[in-house]
Amino acid sequence: MSRNKFNKSRQNGATEDLRDLGFGSRVSEESSERLLNRDGSFNVERTGLSFFQSLNLYHSLLTMSWNRFYLSLLLGYTVVNAIFATAFVLCGPDALTNFQELGITERWLNAFFFSVQTFTTVGYGAISPSNISANVVAALDAFVGLVGFALATGLLFARFSRPTAKIMYSTHGLKAPYRDINGFMFRIANQRKSQLIEVEVTLLFTRLITKDGDRRREYYQLNLERNRVSFFPLHWTIVHPIDEESPLYNIGEEEFRASNSEFLILISATDDTFAQTVHSRSSYRHNEVVWNARFADPFQMKEDGTIGVDLKVMHEWEGV
Amino acid sequence: MSRNKFNKSRQNGATEDLRDLGFGSRVSEESSERLLNRDGSFNVERTGLSFFQSLNLYHSLLTMSWNRFYLSLLLGYTVVNAIFATAFVLCGPDALTNFQELGITERWLNAFFFSVQTFTTVGYGAISPSNISANVVAALDAFVGLVGFALATGLLFARFSRPTAKIMYSTHGLKAPYRDINGFMFRIANQRKSQLIEVEVTLLFTRLITKDGDRRREYYQLNLERNRVSFFPLHWTIVHPIDEESPLYNIGEEEFRASNSEFLILISATDDTFAQTVHSRSSYRHNEVVWNARFADPFQMKEDGTIGVDLKVMHEWEGV
Amino acid sequence: MSRNKFNKSRQNGATEDLRDLGFGSRVSEESSERLLNRDGSFNVERTGLSFFQSLNLYHSLLTMSWNRFYLSLLLGYTVVNAIFATAFVLCGPDALTNFQELGITERWLNAFFFSVQTFTTVGYGAISPSNISANVVAALDAFVGLVGFALATGLLFARFSRPTAKIMYSTHGLKAPYRDINGFMFRIANQRKSQLIEVEVTLLFTRLITKDGDRRREYYQLNLERNRVSFFPLHWTIVHPIDEESPLYNIGEEEFRASNSEFLILISATDDTFAQTVHSRSSYRHNEVVWNARFADPFQMKEDGTIGVDLKVMHEWEGV
Amino acid sequence: MSRNKFNKSRQNGATEDLRDLGFGSRVSEESSERLLNRDGSFNVERTGLSFFQSLNLYHSLLTMSWNRFYLSLLLGYTVVNAIFATAFVLCGPDALTNFQELGITERWLNAFFFSVQTFTTVGYGAISPSNISANVVAALDAFVGLVGFALATGLLFARFSRPTAKIMYSTHGLKAPYRDINGFMFRIANQRKSQLIEVEVTLLFTRLITKDGDRRREYYQLNLERNRVSFFPLHWTIVHPIDEESPLYNIGEEEFRASNSEFLILISATDDTFAQTVHSRSSYRHNEVVWNARFADPFQMKEDGTIGVDLKVMHEWEGV
């Protein structure tokens, strides 16, 4: 039973708070895969939901890319009008203006364009419904069109107003010289024009160890040079000093890579444009960490006395 | 007077904070019904509000099911157009194109479809208003239509953006073995695709007792194995260990069932998609608690090394 | 200079935090009017803003009553169409279909209804623009119409989504018997269907006193029997016990009424439907406080064992 | 490397928290320009983002002025219809009603107005599409129109609902007499009708100093007479008393002006209308600070006993 796992890990000396991350014991302790993907999503899978529960159309429409979103709208627009076109054809030969003179293909085509004119409420009037059933179908068509575009408007605004931080992480984390010792470092920058303020970073380190023949995942929260900045106008190099207290203190590169090491990053901030709290997550797996390197300097002194930062340089590093 | 009740309960030794749940003394102490329904609503009734105050159309339109919502829209659409159809007929025999040639039924029907075309702003033009009063009615019709669909758009978005956690609770709470002792356990899972983070649980226990011939409701906040997880990607089994400090420590099954026992659950979390705080409430009444059982294991090891959870197994338990 | 006032009040012994309410020294100390109106607005006035700054159309459209809001929309709709009607007439005798045959009044009327048909995008087509200038005006008309209704939709949703608690306050505050002493009491109830949770109350007492020939306003935060409830399904009687620590302890009714006494109430809560923090303010001035009375009991035992509350009884009290 | 800068500044005695403002070391220590502009934006520049990343159309449309916003909409409306007009012309001589009789310029003009009628869904019907390709283009035109206005609606509402405090700062900060000593003072007022509550102010002071031949920026958080007010109905004069603890205590006017002194102001508050947290930032550079002056009194006693404040007087000061 899963509870036993929790109990066991509770009895050893690992930090209690960190076991409460919510991954569950089996995922934490048996999986050799990464816990968090680079894009911040969780590397787990849920099954057992009904088709409709797992469909979750709204969530998909909200989080898909803009291109896919517009294509979905256009597809829905075409399909719905094709259905209504068929309904108009089924309403008989006197359904629409001039229907009687046309063959079945041309009728459907005319009905399709008529449906488009009704659905979008353009209604040129060159074609118009002639019998009662066609009038009823047209009334429904216009109703569906208006509700559909009301839905699209709601979705568009929901997509706009989603509080999402677009934080750029350096492609690699580095083990770099830091003062007299070493440090684990990575860089972040705000990809958006809107300001982020009160940015807070939590950095966790996790690896699988084998102790007394028992494979177990350990979690550590790492100390940071600073874990909070009030403003975030430029970039920020986040540093964990590898001092005596650090769980990385005595770990060599080979041991580091062999033990499924992973850095988990949790960032929360306030978006200044909308005064919303935003979250960002990412992780560096052992193969995304470079041993003994330092980041390039992204600052550029301008002629007018101000200082800029070149975000292209953010990912660059050199060996030491 | 109701204040006396509060005073009385204040004088006995029960935890002060818990009496401040807001149910009021009479409800707390005299009602033998459950306090909280399974869906999280309160089992109380308010009267004395005027019809319009209690109608609260907006709140109803916001919280009804999607099917009922769309049917309400469609009904409103039909009724409003029927009213405008009647208005057009009342505008006289020269109100609309070709009106004079038609009987009263056909006039109304034509007017209805014309109103639909105006309300939805389709406006084919095969029918159009011919006199001034019909033109005025048509101007109103289009105005009402546009404002109506603006309202519908607002409502649709309000429905979308309501921060609602859809938390699935196991059908039963269990008194199950936990380490060397017993525990009260239940399970929750996130039914949505969107992530919940920083999930916090408060578990209260309440029962009616008779002391010194006085019937009284007691509230206790129960200690939990953990009351907070940072992430919630899978399911979570919430455990109250029944140790010496637990108010359930010495209560047998019969006494438990006889004293109107009820577990109240309050969950708050942050929805990762919208960065909104969401709340969920539920309760287990004594007849929804199984004595001496344990939950089935929902974890499944995948071939690729990841671990999944089958939510269908969430409600399953076996006797011990 | 106003700073001196602050300094002076700082030097006397009044509670520091309470002087920071933000009313400013002159308002606090010289005004004999109430500080807070019953509806929670402040009894002060700002001048010196330019016409547009003080107009604040958006704020007005957001906070006016629904009836006034719909009337404003209808008025705007009529005025804009009248303006466009005039523009169409100015486009010459060949601007619209059949224009040439009509006199100036009928032209304007036809142009008005044509503008309505364009503004609302109905566009029957019985009338349509014939020359280039009329086509340009029609294009603008339709653009203004669509942007106007987009604005109306935005406003409607902004009105919907405003987090407003509709808290009903008892018409009077009472000085009533409370346990062995007296208390200042008033009642609140939630007028909405949506649940309020985590309701917190702050009660302040203020009066003008004359000390050493100097007139001064004093503020006190009053202790409450309880200042927070987790749920608020029914009503809540808020009680300040008038014990030795209370600033009301030795104040008789006459002194109370003579010294411009006022109770300021600040309530914050979380609206369960939208998970939004809502605020409510009100005040009881000395003439709205009844000396020696108690509230009627609003609880009603139902036959099915549940307990209801009759909100009509909320305002009722009887002398003691 | 930039890290060294941080290290160096860490070794001197300046307050640690204040160095974490997020400006980065190079900006902090080498730039002689102001850090924060009067409007609260940061005086730094980011480069290296791709064209689309730096375009950030949504953010621009959200934060531009209303006039520019409406002009952008109108421009987009014209351009899109011009494109569709060209598409209709390319659909051949039988694309639209009466097309064949017209020259190429008149065709394009007719097609433009027809596109407007389709895009806005007016659809008079005097012109309508005659062949299949024109019908398809018209279907796209109407689709783009509806999605476009859905986007405009979303944008309009997003502009409405942005939580923005419009806080008016006095044009100058003053070094003014305060009690027996001096103080640095400035004034703020709420320019909006909506109430701000729970207003909190943080005041930072920064200047460049040269120590041991090393140029360095120092940050100090300044103590305030009060840093928080519960309500903000009028104006508020914020005072930093220049006592022994103040970093301004022994600084003369010349030294003040020579060392790139700058006051950074951070304000957070809750907007009562929307219950949203709002932020405002501003700064006073040395040349915006007046030495030895005091603010004029903006309070006006009304005849009815209430007190008003004249915001025009807010910026006024007189020498002492």
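Each chain carries a letter (A, B, C and D) given by its place in the written order, and its residues are counted from 1.
As a convention for this text, a contact is a pair of C-beta atoms (placed from the backbone, for glycine too) under 8 Å apart; a residue touches a chain by one contact, two chains touch by 3 or more.
Everything numeric here is computed off the predicted structure, so don't read it as measured data.
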item	value
Interface residue identity across copies subunit A, subunit B - same or different by half	different
Rotation angle (°) superposing Cα atoms of subunit C on subunit D, nearest 5	90
Chain centre separation in whole Å, for subunit C relative to subunit B (CA means)	27
For subunit D, residues that touch 2 or more chains besides their own	117, 121-125, 153, 157, 161
Of subunit B, residues touching subunit C in the complex	1-3, 6-7, 20-24, 26-27, 30-33, 42-49, 53-54, 56, 58-60, 62-63, 97, 117-118, 121-125, 127-129, 132, 135, 138-139, 142-143, 145-147, 150-151, 153-155, 157-158, 161-163, 266, 276-279
List of subunit C residues in touch with subunit B within their complex	70, 73-74, 77, 81, 109, 113, 116-117, 120-126, 149, 152-153, 156-157, 160-161, 178-179, 185, 189, 191-195, 197, 199, 225-226, 228-237, 239, 270, 272-275, 294-295, 297-302, 304-314
Contact footprint of subunit C on subunit A as seen in their complex	121-125, 153
